[in-house]
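Before anything else, here is the set of structures, which you'll find just below.
You will see two complexes here that share chain A, one where it goes with chain B and one where it goes with chain C.
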Partner chain A sequence: MSRSASLAAERLRSTSSARRARERALEICAWASLVLALVPLVAIGIFLIGQGVRSLSLEFFTSDPPGDLSATGGGIRNAVVGTLMMTGLATLVAVPVGIALAVFSREIGGRVAAAVRFVVDVLAGLPSIVVGIFVYSLVVVATGHFSGYAGAVALAVIELPVIVVATDELLRLTDRRIDEGTRALGMLRWRSFLSVFIPTALSGIITGIMLAVSRAIGETAPLIFTALGNNFFTLDLNEPVQAMPLLIYRNALNSAFPAARDRAMGTALVLVVIVLGFNLAGRWIARRARPADQR
Partner chain B sequence: MTPGSHAGGIRTLARRPGLSQDGWFRLALRGVALLVIVPILWMMVDTFSVTVPVWERFGIPGFVVGARWAPSFTIYGALPFIYGTILTSAIAMLIAVPVAVLIALLITEILPARARTAVAVTVDLLAAIPSVVYGLWGLLVLVPFLRPFEQAVAGTLGTVIPFLAGPTPGPSYFAAGVVVSIMIVPIIAALSREVFAATPRLQREAVRALGGTRWDVIRTVVLPIGRSGVLAAIILGLARAIGETIAVTMVIGNAPKIGASIFSPGFTLASVIANEFNEANQELHPEALIALGLVLLVISVLVNGLAILIRGRFARGVGRVA
Partner chain C sequence: MTTMAPAAGPSEEREQDVPASAELAVELDRVSAYYGSRRVVREISLPVRRNAITAIIGPSGCGKSTLLRCIDRMHELTPGARVEGRIDYHGMDLYAPDIDPVAVRRTIGMVFQQPNPFPTMSIHDNVAAPARFNGLLANKAAENELVERCLRQAALWDEVKDKLKAGGTSLSGGQQQRLCIARALALEPDVLLMDEPCSALDPIATLQIEHLMADLKRIYTIVIVTHNMQQASRVSDQTAFLTLGDDRAGFLVEMAETVEIFTNPKQQLTEDYVSGRFG
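So, the complex of A and B:
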């Protein structure tokens, strides 16, 4: 500490007006950066609301898109249902597995836990398109066709590291006194996790889940190789299934047609509202759970 | 007595009556771990085995540095896409790094405590917007918006430097770099913010007590201590930039060759896979695209590993000075 303090003293010998000017310059640059970063956020907001709202109607949610992208009319029912089914199934799988993996690497350790940690680290850093390729060669090639199940597996693999990391972080923060308390009471370890540690960390885990879901809902790249997309309404996950990001992507590539362009923007608006909803809800839960002085 | 040995002693006491139940608990956890890890590792090996014909035909160096990608002639080389990935990531980093670090400094060092969370959450929202929405906005709004600027640069600097020359069709390496920069600002800003916030308070106060300005605090305390942490944040941002797929696919122009100028259309590793995979019906074409995915996998594992190493060093460094 004394080293940087004395360094600072040495460097403070410049005149005060020059120092004030530097202070100003720093503030101006920092504020300018913030404005620069928020311009796209505002621009996207204006773009989506200004152009996307036009497409919204009851029909937009209750009918399926026309077979020909350039034709007007129709809606995005199949994509909304497909996204909900695949993300829902992925979350149902990824949540218990992710929590179990985190508990495993905290509680048991050893070589398998090191392997788990390594694989989770790799998954967390993997571009989602690579996840798509993996699941393609594991599920699509093996079953011989694109399917909603393959899409759900890809989304689960994307959610998994987010949930493991969030749970692991919380278990690590569990108060040592609580841990020792459960041991002093002679509690079985599985009981300690099920009725003490996980409930204590629950709001944080829920936040992790919400953030994982908000990421998975918006993913496009891994679905190209797995769920593929579909112009028809289906509840059968064994068939190719449409999703909102896929629908936006395919229609945007045909945005020379006004109908495709409007459909893409309307869907984007709906998707962003859903994603931000999950994201903000997750943050809100995390904030509420923290003690008031740390908010 | 260390806490560990204390807890361990109690555990041996508790274990006697509950051995079987906790034994089952451990067994179940092990089972789940193996059930997840084995298929994921299998998936990676399996993916590699699909691409074996590509490696056999072109050799690993031949494929990686091959400059020509012509599916109809069964010629596959990854170089145009590696080039595109490096160029767009470099453009994105040049724009995003200073902006993100300054935002992090603004939040931790300049803003009053009450405003910090609000600003931080707003910046974080940029990270929540799906990639495909950035792509849509980039395609319909940003690309046309950037064109006059591109034309101005190509018409002046571009006449001297071929790397900045026209034509400027719109979708390009440059447009992709700009879109990606917007997407990685919140990542680098959030991670740098945590690094800066971890600066020991005593050191800041020491500089302030000597009459230092906030700039002096940043220059003599926050940046030197946070250097490796910010570097790790930047590298994690780079990893995201390298893997960004759909938004890039929508604004890069999709041309499978090395463009001469940053305003030329091109492809990145990730975007060529997304763009060509569903129509890949030439000999070895799907296998070659999957091989590109493996190249991307290797690059992103290396970059992420580097970030984890550097972050570990930062955590130890803070532990020492604090």
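So, the complex of A and C:
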């Protein structure tokens, strides 16, 4: 082998082995962080299933909790229905308001948009217990009693910034060329938003809504002094309403009683399954919302 | 001239004693365009002949696109942008206070450099939607008829007639651009502005668009901005050459019949540019 050839071989081999080692290290780091991220998730899953699954029965879903937390039996029907009603109403209010806020601030631009964005950022950073106090003084004090409506308002305030931020980001990503296209065709602005921009961003907006719902459905603090909780079943949002996080909170506080502890664990498992279900449904809808060739 | 047979279509309403070549669809009179305090187009006067193709050529950044966007009042959509001078459309001042800019954009269509079909709409809806939203369609039958007519005019019908429900963005670049042309035609405009419509397309798709333009000018008046001088010489009837002045604003060097511009320009600047001796 000539001298230059052996030199070349040495150079190429040494760099390639160093590079390979570096690549290997990065790969190990990536795997390690994946495991690190999965550990708590899997642990929670195993824990919840292990602790909660024995509470699950037909009765658990079709009856209400016993008056005495320490008593066995009963179910969480009132809490499931209460949570779905309040989160549903909150979403029904927060989604159109949130999307409208994002669209208008985007369209108006300038200082108004900056102000809206600032307020939304502040709202997003607000501790949820503060949202609870705020709605308490705004709705509960004004109406004179705790109610499911007050709870729904509190959850809507929690959801609103999530939806505004998600929609705003997506509209920002919407192609400027598409915007020009709608303008050049003499399309009215509300028309362009309704028929072109929102559909284009829809799959992302749905993901944002799911994020908001997932966040709201698990909130406890804003409900403590708005919806208050209720040991009985009710469909009347004008009364105090039970919610799953509230039920978990009250029963877990009495974990000295095995029945209360099991009830809390069972409820937690159901709550997680519901959130998971919403997320899967959201993904499915989001995929359906995209044009066929981008799925 | 006096024994000329009555022409069909839009030319019917022409006055007998006015030669067809003299009729203007759009007339720009000392038009200047600004972004904030910066003037980017300086006092350009341009007669745009009806049922003809007017090409605007010139180096990058000389305000060709801006000038085009003044015609359909798209320029003013940029914050801080404004227009001075007068633009007449069949003798009507497009910038008069009682003129609705949205109506102007419906009458004067525009095709952009990058094909921009609406991504969530099917081929059919891309053509139908703008017309539907503008209340131009009585029923579903009228809609289907319009879609077919516009796609035929845009020379796209045969390629897409079996997949009208497919997404508009599933087409190739050249097909997307023809879809955008069909979409613009659906509003039944009178003038079609094309801003470098072929610069994102391959030579075959470019040729298709050029053939299409030659067809379309029988019905429409076309103004095309192009970087491609061969294209200007191939498709256009008259050509305007713009360049950048010392004040960094684009101005009109010369406008004439396309043949004149490319074979016998009056200005040295034009000759240098079209013969490739520019800058």
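Heads up, the rule we're going with is that the second predicted complex is superposed on the first by the 236 of 295 C-alpha atoms of A that agree within 3 Å, B and C clash if a C-alpha of one lies under 4 Å from a C-alpha of the other, contacts with A are read in each partner's own complex, and residues count from 1 in each chain.
Quick note on the criterion: contacts are C-beta pairs under 8 Å (C-beta built on N, C-alpha and C of every residue); 3 or more make two chains touch, one makes a residue touch a chain.
The structure displayed is predicted, hence computed values, not measured ones.
In the superposed model, A:T200 lies in contact with chain C only, and not with chain B. Here chain B and chain C are compared by how many residues of chain A each touches, and B touches more. In the superposed pair of complexes, A:G67 makes contact with neither chain B nor chain C. Look at A:A184: by the touch rule set out above, it reaches both chain B and chain C.
In the superposition on chain A, A:I44 makes contact with chain B only, while chain C stays out of contact range. By the document's definition of touching, of the two partners only chain B reaches A:L34; chain C does not. Of the two partner chains placed by the overlay, only chain B lies in contact with A:V157; chain C stays clear of it. Once the two complexes are laid over each other on the shared chain, residue contacts for A:G144 go to neither chain B nor chain C. The intersection of chain A residues touching chain B with those touching chain C, taken from the two complexes, comprises 180, 183-184, 186-188.
Within the complex formed with chain A, the chain B residues making contact are 3, 6-7, 10-11, 13-14, 17-18, 21-22, 24-26, 28-30, 32-34, 36-37, 39-44, 46-47, 50, 98-100, 102-103, 105-106, 110, 117, 119, 121-123, 125-126, 128-137, 139-141, 182, 185-186, 189, 200, 202-203, 206-207, 210-216, 218-221, 224-225, 236, 239, 242-246, 250, 270, 273-274, 277-278, 290, 293, 296-297, 300-301, 303-304, 308, 321.
Chain contact summary for the complex, chain A toward chain C: residues 109, 175, 177-178, 180-188, 191, 195-196, 199-200, 202, 290-294.
Within the complex formed with chain A, the residues of chain C that make contact are 72, 74, 77, 79, 102-106, 109-110, 112, 114, 116-121, 129-130, 133-134, 166-167, 169-170, 180, 183-184, 187.
Chain A contributes residues 1, 4-5, 7-9, 11-12, 19-20, 22-23, 26-27, 29-34, 36-38, 40-41, 43-44, 47-48, 97, 100-101, 103-105, 107-108, 112-113, 115-116, 119, 121-130, 133-138, 141, 157, 160, 176, 179-180, 183-184, 186-190, 193, 214, 217-221, 224-225, 228, 245, 248-249, 252-253, 255, 261, 264-265, 268, 271-272, 275-276, 279, 283, 295 to its touches with chain B in the complex.
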